[in-house]
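Shared chain: chain A. Partners: chain B in the first complex, chain C in the second.
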Partner chain A sequence: MNPALLGVPAPAVPSTKLGAAGDGLLSEPLGHPDFFNVKELFSMKDLFSARVHLGHKKGCRHRFMEPYIFGCRLDQDIIDLDQTMDHLQLALNFTAHIAYRKGIILFVSRNRQFCHLVESTARECGEYAHTRYWQGGLLTNAHIQFGAGVRLPDLIIFLSSLNNVFEPHVAIRDAAKMNIPTVGVVDTNCNPCLITYPIPGNDDSPTAMELYCKLFKMTIIRAKDYRKQREGAVQGRPVHHGDAGPLEVEHPPQWADEKK
Partner chain B sequence: MCRRVLSKCSLNTSRLGAVPTALGSLSRCPTPLWVQTLSLTPSLTLPCPSSMPSPRVLSLSPESRAQRLPLRSPREGAAGRHDASPQPALLGAEQTQGPQPPLQHLHLHLHLPPPALPMPGAGQRHPRPPSWRRSAQARLRLCPPIVGTEAFPGPCCAEPGAAVMAAALRRLLRAGGRRGAALVAAAAACGPGPQTLRLIYTTTAAWKKNVAASGPEKYTEAFIKKQIEEFNLGKRHLANMMGEDPETFTQEDIDRAIAYLFPSGLFDKRARPMMKHPTEIFPEQRKIQWGEDGRPFHFLFYTGKQSYYSLMHDTYEKLLNVQKHQDQLAAQDLPPQKEKKNLVGSRWLTKTELEEMLLEKLSDDDYSRFIQLLQKLVMMPCGNIEENYIKKFSREISAQLQKVVIEPLKYDEQGVAFSTGEGRRKTSRATVAVYDNGTGKITVNGIDVLHYFPVLQDREQLLFPFQFLDRVGKHDMVCTVSGGGRSSQAGAIRLASAKALRSFVTEKEVEFMRQAGLLTVDPRVKERKKPGQEGARRKFTWKKR
Partner chain C sequence: MAGSRVQKVGSVFSRTRDLMRMGVLRQPLWFEVYAACPPRREPRYRPARPRYGRARDGVRDIFYPEDAVRAKFYRVYGSGPRPFDLLQPNYKSTCQRFVEKYNELKEEGKIEEEKLFEETGKALLASGIILQRRGTDKVSIKRSENELASGLKRLHF
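Right after this comes the complex of A and B.
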């Protein structure tokens, strides 16, 4: 135990006071591979029309991105959208689970062109954003920079994993140090190594960035709404406790009414 | 020696404070922090060895007393003799060599209130804790159980266990003190049951508070509230002291009362004693930034500068709004509005003002970037849409040029027009009344000018304004002047008469006078003499050797 932290109150962790019902609340979504049905939020055609498949020139290619590249046309790399679909589904699913469990999500992007868009997205879904200069000890020295008892993000989403000088963002390494899972859009010139859920795709086009922001916002809002719904249901349950019996596994709600 | 020490030490509470000095002077290593802390906690309780009788006094065996060391170490001189060492018996006890049972009942409570341990009865022995481990460095040896028949009204008689503890401390210091590492024996105090001892190795560096990293002093809400209560109470007391009504005692009354009760000759107003409401003294601080579940309130919390970046975000949003509006107008083929806000009489907020607004420290780069963004917003053709937003960050500059008011002519009993003026030069002060329809007669302090100013140079000075305006023989002048010498008095009268003549003359001629320097106060005064020099500038004669 770090002696500097002796006497410091532990960060508040949301405690589920729901007891037996609470266990079902948290474990139920884990039973399905795509409980929140994030697959229906996007299609190959959407990705293509948003120019997600367009990478950088051949010279900028990162060695570790070669598996994700479909091919190269006129010196420009084309990202394999089949793989992107799979990765995007995993990443959105993970984000939804984190949001369902009331985790703190931090959007990071150092691309000046989309700084305002990312911050607005974060604000609209009730999460947090950091699109500014990254001070060195934000994650690793948080107790001193923010005060004792601060709660660090539970997920960091990189909408652009490079910083202004085209080097890997420091937050990738720091999140790995602090055991914080990361989701990141990796372009052909990025290093996908330390990112937990990489999403190979274009991070420079406005259409692509708007698509990613929209997708993340929708998944987070969907997951949070479902959580609120379930919590409301669980709180109403003790009234009918006698006949309801143990918690039934509900059929995943239909998301069809939500517009894409 | 023991008796001398006894007579010196009085039964007061300060005896515990002597523990570290005794130990510190006698041991070769500096007393670590925790020893002093220990000595300050008055409620040190030690389960004394079984044979300790009650009342809790330190009792010595005759053998241990016979073997005790002299009070002062060979290194100390006469000073040692006067040291009220509170533990003479203790030192004697330490010197007994031989196999000693390990430290069993030692409780060293660091920063924690010690548990209320009952005194063990006679014949009861605590079992040796099985988890006791000895390392090469931890040569902890229990000081022998202090058994004795007589009560020893020594300085530590209220804390007999302190002697045992202090002996152990001394051992600890000897064991590991040289390198600055302190051995701390922490006891898992769990009441009268079996106690375990754990050794924690640590250094003083780990306990040092990183003052720089903790940031500026933080005041809790409770503290501020208490300060406000104290202030209100003090205000009423002050009103009573001054014999005024406490209900209607305003801040000005407080200032006057404090200035009366605590007269201060200090020049800087901020250095004088003051009594103000705590909200004016303690700077406003940010409250805790996150809720009970740990989630921060602001969406830009993790950037570190949430207010500043939020401001930049909002300003950029206004910029985007304006651009969108421009595009809409362009789409409808309407010309963009060209009425621009006049920025002449206004200024942007200064960095300090912005910091106060945001309650956050800013760097110069941050500030300049924000101002550039504001400028860009204002410069845009349709920037007027966001005028309300921009107004928050601009301040009016009050008019700095003051138009000098020229007094109109006055008329005396005879109907003669006259005008007055005041002037100064060095330490002279002059007042002048210039009368119209005159013959050029000048009276200074009731004396004719020829007698008052025998020197031509001074009279020329008096004449200059009239000569400049071609009114040499047309005015009479009555002057009063005081202070200074002849030349400075002449200059003062010259300025005063020029000021008086402004009323007789057109504005153009006033401007000519101003350009000639007739209306400007001569700022030259005598320069002070500096130490190490003979005069203001003259240095002492330089001698080569």
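Right after this comes the complex of A and C.
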């Protein structure tokens, strides 16, 4: 994959704080625990029919996943969907806030079966994906590999936290080193320690992966649309509600450039 | 701008907060969001140590009362006459029908416990499902009986 993905120059002035109007812009969503209403995007039934509760066999179980496992049916671990719902809501909420604040989101998955799905999801929501071999210094040596003034991702989403040899993905450790928060789907054979917002769930079934991709895409697009609306309102332009056409904003949104 | 690459000490949040307090780091994008909606468990590094002595994991086995009937069904009849069709969402296998019939007859209460199994077989025959007993293979039955017996023992609390 093209390492020039992350070569977005850092903005000269963080465009977040804009004075009185800017403060309200950022602090408004933090007032409510589920401001973007991510809970309505999924239900327990959706998770069950997407087979999110199915884990690996007992022998593959990671010790730190035991709190998230409901039980073991004939040697196959079953993940507790009550906890999954709760963790998923937290993770989606965090993602939405990051997207609202115009953070860079990087999707990582080393599962070859879903590499295309992850890349197309990232493209559709205007964010980035890295589903190929992870070179050692992509995050830790970024200033040398990409040049000075690189802006690193503000959130890394792992749709599968293991690499091709069933070891934890190097990006988990590197993100913790670079103080980048992570969201990750952890299966029963994964280590959830270093992931900031783990989502215990199946990462091997196509239905489950499609569900996760759909949920992340919807949250990110929802958050970005809300941001566009708020910026339009702050600038005094009329906010079009219920229009089929795109919202008119003076400057093109930064994430409209699809750098893949 | 400074950073802290010690991922094994504290969490991302604690390190960032302390660096900010020292004044060497500007507040990152995600800091306020994390502070407002923290995760259920702080993402600290934990080394994975093996268990010693009699420590056991807390994962329960999932067994249902019907599993006794299912175990006996599979022991006597083998896997049912029809293969499982998992493409249908509400598929009911022969074993599942057997179990439901068994529970119905048990609730009626007219038949004794020992004869329930055979009566259910006859009832299913009457409704058109033909069950064929498995060939007597003593070695395999014995071994599977041991496994199923240990499973059944756990059910008879």
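Following the convention adopted for this analysis, the second predicted complex is superposed on the first by the 219 of 260 C-alpha atoms of A that agree within 3 Å, B and C clash if a C-alpha of one lies under 4 Å from a C-alpha of the other, contacts with A are read in each partner's own complex, and residues count from 1 in each chain.
FYI, a contact is a pair of C-beta atoms (placed from the backbone, for glycine too) under 8 Å apart; a residue touches a chain by one contact, two chains touch by 3 or more.
Please read these numbers as outputs of a predicted model, since none were measured by experiment.
In the superposition on chain A, A:L90 contacts chain C only, with no contact to chain B. By the touch criterion stated above, A:R63 is placed in contact with chain C alone, chain B being left untouched.
When the two structures are aligned on the shared chain, A:N191 is found in touch with chain C, with no touch to chain B. When both complexes are overlaid on chain A, the residue A:K177 reaches chain C alone and has no touch with chain B.
Chain A is touched at more residues by one of its partners, and among chain B and chain C that partner is C.
In the superposition on chain A, contact is made by A:L26 with chain C only, not with chain B.
In the superposition on chain A, the residues of chain A contacting both chain B and chain C are 14.
Contact residues of chain C toward chain A in the complex are 3-7, 11-13, 15-16, 26, 28-30, 32-34, 36-37, 39-40, 43-46, 48, 51, 57-62, 89. Those residues of chain A lying in contact with chain C across their complex are 14, 16, 26-27, 30, 33, 49, 58, 61-64, 66-67, 69-73, 77-78, 86-87, 90, 93-94, 97-98, 101, 103, 140, 154-155, 173, 175-182, 191, 193-198.
Here chain A touches chain B in the complex through residues 3-4, 11-14, 102, 104, 106, 116, 119, 122-123, 126-130, 132, 135, 138, 144-147, 149-151, 153, going by the rule given at the top. Contacts from chain B toward chain A in the complex involve residues 202, 206-207, 210, 213-214, 288-290, 292-296, 299-305, 309, 313, 316-317, 320.
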